[in-house]
């Protein structure tokens, strides 16, 4: 339990009526760190996310953010504690403008609407949406919506940003652009990031540390190089013969 | 370039608003008693519609039982005036408090138990009807026989006791509706206005941004209820008689919502435009069906008009009119 | 003993309510559209049965197949022609659409028939059966039996026919149904038609029990919603159970307290159910 750990997840579990979605998962995210959770479909990645973000309460275990126990917090309480999150299927405030979308996030901390507006314009600048601030959110393309969702979460000044399959549906060039944005963000602001992803290109390029889940349990964790060579990981993704071939 | 366009927009808006204000202020001098009474009806519709729009248009919670708050406000102020001699304005404050409490209770129960959407709408109807039947048996306020206010002579206008001519009520309602508009405009541009709209668009996303959805929705319920109740009080002193089956009627709840939906849900001027259009339409229909002596013709045309607007301009008449007059877009 | 008589009378009436609500359960459960014109459709059926009675001397029970078929076509056409476009639209637009339809229907009936109440004169109106110590109105018994048969027929349709299963698939998973190649639009239209048919049958039966008048429609729309929510969406047994419950509570409260209180009890039940067990008595937890 080092002092550098921002997010600590201790032995959390969650059962949904017949399915043990998450079964005793533990990991930490250090300050300024970028950690990825990967695993096949149904491994429990999004459920773990939702446990941290407050959508579900864990059946057992604890979640600590900056030393504060946030297990069982509501999503808005988790946000106030410092969790920012995006959704797997983007949820923009369709009838509001891009700027207004981000302002909703900024209003959490801003003293008034004017201050929120100023902060939001800054963030939108950083995420390359400055030329679209007055457009209505539902008119944006998918990559733009993803950037908007990120901007909105960032506007709440989170301590850690949870990205739920943010690269899904993007073309390789778009993926690279997002990776660059997040790298810059992390470098400039020291923001910690926890992401779940299927797009390996992004995972390998971004993360310092990877946690692999399978059937709700952690089967491996380590640096990208280590994880990509681990026989158990290869087995669960590619089958037994592949792992044997890798030696 | 953008600043210039904005300035031009502001000027056009200002002119339009000024023209409207002059017309409305001058109306009683120019029109006859019948038209004045129609205008008063339209203003009532505009006021109630604006109050309802706050909850449903801004915060996205569909209430189909708003007559409940009209009734609570009407009965509270009227009964306290008749039975206890409490001045109307004080009685209306009591009415607003009762309505706000009722709205908060309904909201708290619904939101705590996750009742949303259509089910929430049905719940509001249930509370509305339940209260109507309750008042049907509530002796102190006259039950089904009704509550009657003493109709004093109308030669003196007394704003304090709300005894006066239709002209007095016209200007009073004009002032109230303008005040309601102003309040809504202010709220829209503050934190709570942004939060309401976020909840309307996507409640889950709103929560993930730190919004306490429960509390924010409750505020919308209480404010909308209180505003509606104030109008109910004024209506009681204008009509001078109250019956539970008319004041709390589901038909009234439906009347309250048609104007804002026709005019433009979630906009500021939508309820106003809708109110004037629908009231005017209603009067024309009455005249037409009166000359033809056909029962039900008025309702038929009313229904057809509603159908036409839902089919052709579902977001309402105001957004369409706004773009026509090049008054710009946005939430107003 | 008098209580038993009242309860049984309530149960019998409740069966007819159940059939009416079944139509709404089907519509709401499958298409997820809030049919605020439900009561109005039933009143149309009632007037149709009344016309057939006046013109051809048909007993409403004999007119039932005709009226039901007519309402089926009407419902199908309404859905296919108008309502289909509003399925994905926001609640308030759907509501306004169906409200407009309801107003037009009521106004048309008013124009056609006038505001006076109409009823049918039945030869057997005062006959009754004696079972044990109970006195059962023949009219009520016939109505309830027909309602039960109707519900059975509908259940059989959904369970055993291909179209019925297809509709259930749509209700479960609309996207999946489309992927497998089901014509969702057509199925929705059939569903609405079926719901209208239920209401058509219920209307004929209700005409045996009450007078018809253009303005009674709204009360029955609300009643249908109360029953559907009480019983649980998408559940046939739930709709019938809810109907029986409401029928009995109406009868009892009318006798014990006061007739005007019967709606209050129904609304009170609705509030309770929505807050405590929103999936209804027979519904599955979402």
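Order as written gives the chain letters A, B and C; numbering starts at 1 within each chain.
We adopt the following convention: contacts are C-beta pairs under 8 Å (C-beta built on N, C-alpha and C of every residue); 3 or more make two chains touch, one makes a residue touch a chain.
Note that the coordinates shown come from a computational prediction; the quantities given were computed from them, not determined experimentally.
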| item | value |
| --- | --- |
| Chain closest to the middle, measuring from C-alpha centroids that were averaged per chain | B |
| Farthest-lying chain, centroid of Cα atoms versus that of subunit A | C |
| Distance between chain centroids, defined by C-alpha means - subunit B, subunit C (Å) | 33 |
| Gap in Å, rounded to a whole number, between the CA centres of subunit C and subunit A | 49 |
| Euclidean distance of C-alpha centroids - subunit A vs subunit B, Å | 44 |
| Footprint of subunit B on subunit C - complex, ascending | 34, 89, 91-93, 95-97, 99-104, 106-111, 114-115, 214, 218, 222, 225-226, 229, 258, 260-261, 263-264, 267-268, 270-271, 274-276, 278 |
| Residue numbers on subunit B that touch subunit C, as the complex places them | 56, 62, 64, 109-110, 113-115, 117-119, 121-123, 125-127, 129-130, 133-134, 136-137, 250-251, 254, 257-258, 261, 265, 294-300, 302-304, 306-307, 310-311, 314 |
| Residue ranges of subunit B in contact with subunit A within the complex | 189-191, 194-195, 197-198, 201-202, 204-213, 266 |
| Contact footprint of subunit B on subunit A as seen in their complex | 53, 74-76, 79-80, 85, 87, 91-96, 100, 103-105, 107-108, 112-113, 152-153, 155-156 |
